[in-house]
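Look for subunit A in each of the two complexes below; its partner is subunit B in the first and subunit C in the second.
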Partner chain A sequence: MNAETLWPPIRLTLELAGVTTVFLLLLGTPIAWWLARTRFRFKEAVAALVALPLVLPPTVLGFYLLIALGPDGPGGFVARLFGERSLAFSFPGLVIGSIIYSLPFTVQPIRSAFEAVGDRPLEAAATLQASPWDAFWTVAVPLARPGLIAGAVLGFAHTVGEFGVILMIGGNIPGATRVLSIAIYDHVELMEWGTAHLLSGSLLAFSFVVVALTLSLQKKMGGRDR
Partner chain B sequence: MTRPALPSAILIVQLLAGTAFAEAPLRGGTVTAAVAANFTAAAREIAAAFEDATGDGALLSFGSTGQLYAQILQGAPFEVFLAADEARPELAEREGLAVPGSRRTYAVGRLVLFSTEAGRIAGPGALRDPGLRRIALANPALAPYGRAALETARALGMEDIVRDRQVIGANVSQAHQFVRTGNAELGFLALSQVVRSADGSRWLVPEHLHAPIRQQAVLLEAGRDNPAAARFLDFLGSATARAILRRHGYRTEQPAPGRRGGP
Partner chain C sequence: MTGSGAALQVDLRGPVGELRIRAAFEAQTGETTAIFGPSGSGKTTLLRAVAGLARLPGRLALGPDIWQDDRRGVFVPAHRRRIGFAFQEPALFDHLTVGGNLRYAERRSGAPESGPAVSFAEAVERLGLGQHLERMPRGLSGGERQRVSLARALLARPAALLLDEPLSGVHRTARAAILPWLRALGEASGVVTLYVSHDLGEVVDVAHRIAPISAGAVTGAAPAGQALDQLPKGDLLSRFEAGSVLTATVRFPLPALGLSELDLGGQRLRVPGTERPAGTEARLRVRARDVALATEAPTAISIRNVLRGSVIEVRDLPETPFAEVAVGFDDQRLVARITRDAATELGLEAGREVFALLKTVSFDDT
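So, the complex of A and B:
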C-alpha cells in the first residue's frame, strides 16, 4: 500500500468526473431549460429518454457502448480519424459513457430549478426589454443556481461512483481507464483488503459529503419557493 | 461478466425452497457448487450428466474464482468449489475452509490466441503485426488465463509488445467480449471459449510456453457430510465427465495426483 499505487486511480477518477461534469453542464443545462419551458407535446418522452440510465442496468449501457464505440459503430468511425481502431479502452470513451450514464443526475435538478423560477420573473425581464438570451443569463441562471450546483455535484459524484459501465468498456488500463471503482474491485479480488478498505472508506466519506451537500442545496431551493 | 448477485439469488431461492428440497430427497441428494465462470458451459453439461447418472441434483453458482473464494470465506454455503486455478483451492484447504485431502485437478485449460478475422493469426508472429492496436487478456493478477498469457508473451520475448497493447478484462469471459465486439483485434482466450466456433483464426499456444492452467476442485466444509457432494467430485473424474471436458477444450490429467483417477 503506497502513494504510487493509490494515487493514479484517484487522480484519473477526478479527471474523468471533472471533464464529464463540464460536458454535463454544457449539454444538460440547455436540455433542462428546454424541458422546463417547452410546450412540446412529447416532451416527457424526451425526458424519459434522458432519464433511462436511472433504471437501466449498467450492463445494458456497457454492452451497447462496447458495440457503439467499437470498429463497427460510430465510435470506431471517430477513432479512425485519429488512427485508432476503437474508442473503447480510452479516456474519451469513458467520458462518452459517463456523460450518458450521469446525464439524468444533472438534468433533473436543473430542470426542477428552472421550473421553480416560473414565468413571472422572465416576463418581468421581457417588459424591461431584456432579450431571451439576456433574461436567461441575468434572471433564470442566478435564480436556478442551487439547482445548477446540485446538478453539477450529483453528476460529478455519480461519475466518481461509476463502475459497471467502465468495467465493460474500460479495459483496466492504468492511467487511462483504471478508475477508483475498478481499482477497488481488483484489490478485493486480490484479497488486498487493507487497500480496499482505505479506498472504499474514502469513497464512503466523499459520497456522504456530496449527498449531504446536495440535500442542503435542495432544501435551500425549496425554502425559497415558499 | 461475472455477477456477484447470482450466488446470493440462488441462496435466496434455496432458503425459500428449503422445505421443498428437504421433502423431495426421493431420488437423491443435492449438491451446491461454486463454479469458475470459464467452466460454465462444461459444468452445465456435466451437472446434467451427473443428475442422469446418480439421481442427485447439482445447483451451480458461477463467478470469478476470486469472488467465489471471497464469498466462501464469508460463509457462503457452497459445498463444492470448482476453481479456475490451484491457488484458491489450496488456500481454502490451508484456511480450514475445505476438507483436507479432497483437492484434485479436474481439468487443464488450454490457452489460445484468437482473432475473429480469418487468416489474421498463423502463429505467434501475429503479435508482431505493426498495425496491431489491442490485445485482450484476462487480468494476469487475478485470472489464470491472464497469467498464462503474460507468461507466454514473456517466453516469446514479446512482453513489451503485449504490455503496450493490452486491454485487461476482469476475467477471460470479458477478454472474449472485447475480441468478439471487434474492440480488440487479438485476444489470449481459453480454448473452451472458442472451441465450438469455426470462424476467425487462432493459434493454440503450446503448453510449454506457460505454467499449466490446472483447474482444481475441492470439497468445502459445508459439504463434508453431504454424500452427494462427494459423489459430484468423484463424477468429475468419470469417463463421462472427462469426455465432456475434452469436448469443451480442456485437457484431463491422468490420473489425478494423489488419487486413483476415474476410468
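So, the complex of A and C:
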C-alpha cells in the first residue's frame, strides 16, 4: 500500500466525475426544462429513453458504447479527426459513457424542480417584460436551485461509483482509465485487502455524505412546495 | 409616450371550457374600466387573453400597437406588451425579497421617461410596504402579498394595467385608501386600467367605466353611473352575488371525514376537501347569504364553523329588505347578508362583537 498506487485512480475518478458533471448539467438542464414544459405528445417516450440506463445492465450499455466509440463507429470517426484510432479505452470515451450512464440521475431531480416551479412565476416574469431567456435565468433557475444541486451531486456520485460501463469501454489502463471502482476490484483480485478496505471505506463514507446531502436538499425543496 | 388617445381595443371571441367568450369593448387611457361580473363568468380568462398569457381568437390593439390580429397572423407575446399584471393569487418570486420583487419590475421597465410611472418610493409608501422590503414573500399574509403584487405591476411602467381582483384579500380600511389613489394615478399617468372584480363596492370606488360580464359576454363599457343604473336593481343581489374570500392555513386533512381542518388567525374551521397538504395556505370563498350572525356563542347547532369577530360596518342595500354586515377577524373580513330587521334587532353596529356562523364554506379554486 503506497501513495503511488493509491492516488492515480482517485485523481482520475475525481477528474472523470468532475468533467462529466459539467457536461451533465449543460446537457441535462435543457433536457429537463424541455421535459418539464413541453406539451409534446411523446415526451414520456423521450423521458423513457433518458431513463433507460437506470434499468439497462451496464454491460449491455457498455457493449453498445464500445461499438459506437470504436474504430468503426461514429466515435472512431471523431477520433480520426484528432489523429487517434478510437475513442474506446480513452479518457474522452469514459466521459461520453459516463454522461449517458448518469444522465437520468441528473435529469430527474432537475425536471421535478422545474415542474414544481410551475407556470405562474414565469407568467409573472413575462408580464414584467422579462423575455423567456431572461425569465429562465432570473426566475426558473433560482427557484429550481435545490433540484439543480441535487442533480449535480447525484450525477457526480453516480459517476464515481460506476464500474461495469467503464470496464467495458475503458478497460483497466493505469492513469488513463483505471478508476477507483476498478482499482478496488483489482486489489481484491490480488488479495490486497488493506488497500481494498481503505478505498472501499472512503467510498462508503463519500456515498453516505452524498445521499444525506441530497435527501436534505429534497426535504428543503419539498418544504417549499405549496 | 403617455399614449394620449391610445385606447385599448378588445375584440375577442372563442370557447374556453364550458364558456364562450364574446368580448368587444374599448377602454380609454387615463380611465379605469371595471370588468364586473359573478365568479365563473370568464373575467380572469378574458384578462389573461388581453395580457397575452392565454390565447383567444380575435383582435387586440393598444392605440397604434397591434397586439393581436388573427387575420394578419399577428400575436405579440406577453413580454413584449407594455403591461402590468396583478394576478388574483399573487405570483410573487419566492426567491427574492419584497424589495427584490419590486426592483425586478423596475429594472425591466425601461428608461424613466418611457412611460407613465409611479416612483418606487411612492408605490412603497402608498401600499404600506416600507417595513416589509427585506422580508421574503412566503412570510407575508395574503393581503400583504396582494399589495406587493400590485406595487410590482405599477413599477413595470405599463401602458395598460391589468388587475385581477388585486385587493380581494386586503383589509377594507387599506383598500379604501388604495382605490382612490389607484384611480387618480391612472388619470394622471394616462394608463389604461382594466380592473376585474365581483365586488360592487370596490367597483364603485375605482371605476370610471363599467363593462359588465355575464357568461363570457361583454358588449361594451359604459360610464360607471349609467352602468350601475342599468343593472336591474332587484337582480343585483342574486346576479352579482356578494361574498368574501378568506385566507387560512391548512392544519391537517381529515380523510376519514372528507374534511380539512384550517386555522384562521387562531380560530378553527372545517372545510370539505382533503387535497391540500398540511401547512399550505388556502383561500376560502363564503357567500354573504351563507353567513348568519349571533351576538352570543351559539351551542347545539348543526353549523360547525363559527368565527368570533367584530362588526366593521353595517351597510343597507337600498330597495331591498337586506343589509350587508362586514365582520373583521385579524386583518380579514367577511360579509354577511341578513335582513335589515335582524340587524336592528341584534343591535349590530361597528365594534360590536359577533359570532359569524358559516353555513357553507368552500375552497376557492378559481
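Just so it is clear, the second predicted complex is superposed on the first by the 225 of 226 C-alpha atoms of A that agree within 3 Å, B and C clash if a C-alpha of one lies under 4 Å from a C-alpha of the other, contacts with A are read in each partner's own complex, and residues count from 1 in each chain.
The working rule: a residue touches a chain if its C-beta (ideal position, glycine included) is under 8 Å from a C-beta of that chain, and two chains touch if they have at least 3 such contacts.
No experiment lies behind these values; they were computed from the predicted model shown.
Trainee: Will subunit C clash with subunit B on subunit A after the two structures are superposed, or do they fit?
Mentor: Superposition result for subunit B and subunit C: fit.
Trainee: Which holds for A:188: it touches subunit B only (first), subunit C only (second), both, or neither?
Mentor: first
Trainee: Taking the superposition as given, does A:86 touch the first partner, subunit B, the second, subunit C, both, or neither?
Mentor: Only subunit B; A:86 stays clear of subunit C.
Trainee: With the two structures laid over each other on chain A, which partner does A:127 touch: subunit B (first), subunit C (second), both, or neither?
Mentor: second
Trainee: Using the touch definition from the top, say if A:15 reaches subunit B (first), subunit C (second), both or neither.
Mentor: So A:15 meets neither subunit B nor subunit C here.
Trainee: In the overlaid three-chain picture, which partner chain does A:142 touch, first (subunit B) or second (subunit C), both, or neither?
Mentor: second
Trainee: Taking CA centres after the superposition, what's the angle at subunit A between the directions to subunit B and subunit C, given in steps of 10 degrees?
Mentor: Superposed on A, the angle at subunit A reads 150 degrees.
Trainee: For A:115 in the superposed arrangement: first (subunit B), second (subunit C), both or neither?
Mentor: In the superposition, A:115 contacts neither subunit B nor subunit C.
Trainee: After superposing the two complexes, find the smallest distance in angstrom between C-alpha atoms of subunit B and C-alpha atoms of subunit C.
Mentor: 45
Trainee: Name the residues of subunit A shared by its contacts with subunit B and its contacts with subunit C.
Mentor: none
Trainee: Residues of subunit A touching subunit C in their complex?
Mentor: 120-121, 123-132, 134-135, 138-139, 142-143, 145, 224-226
Trainee: Okay, in this complex, where on subunit A does subunit B touch?
Mentor: Per the touch definition, subunit A meets subunit B at residues 59, 66-67, 69-72, 76, 84-86, 88-89, 167-168, 171-173, 185-186, 188-191.
Trainee: Which stretch or stretches of subunit C touch subunit A in the complex?
Mentor: Within the complex, subunit C contacts subunit A at residues 51-53, 77-80, 82-85, 87, 89, 91-95, 104-105, 108-110, 152-153, 156, 162, 277, 280-281.
Trainee: In the complex of these two chains, what residues of subunit B are touching subunit A?
Mentor: Residues 1, 64, 66-67, 69-70, 133-134, 136, 139, 141-142, 166-170, 174, 177-178, 181-185.
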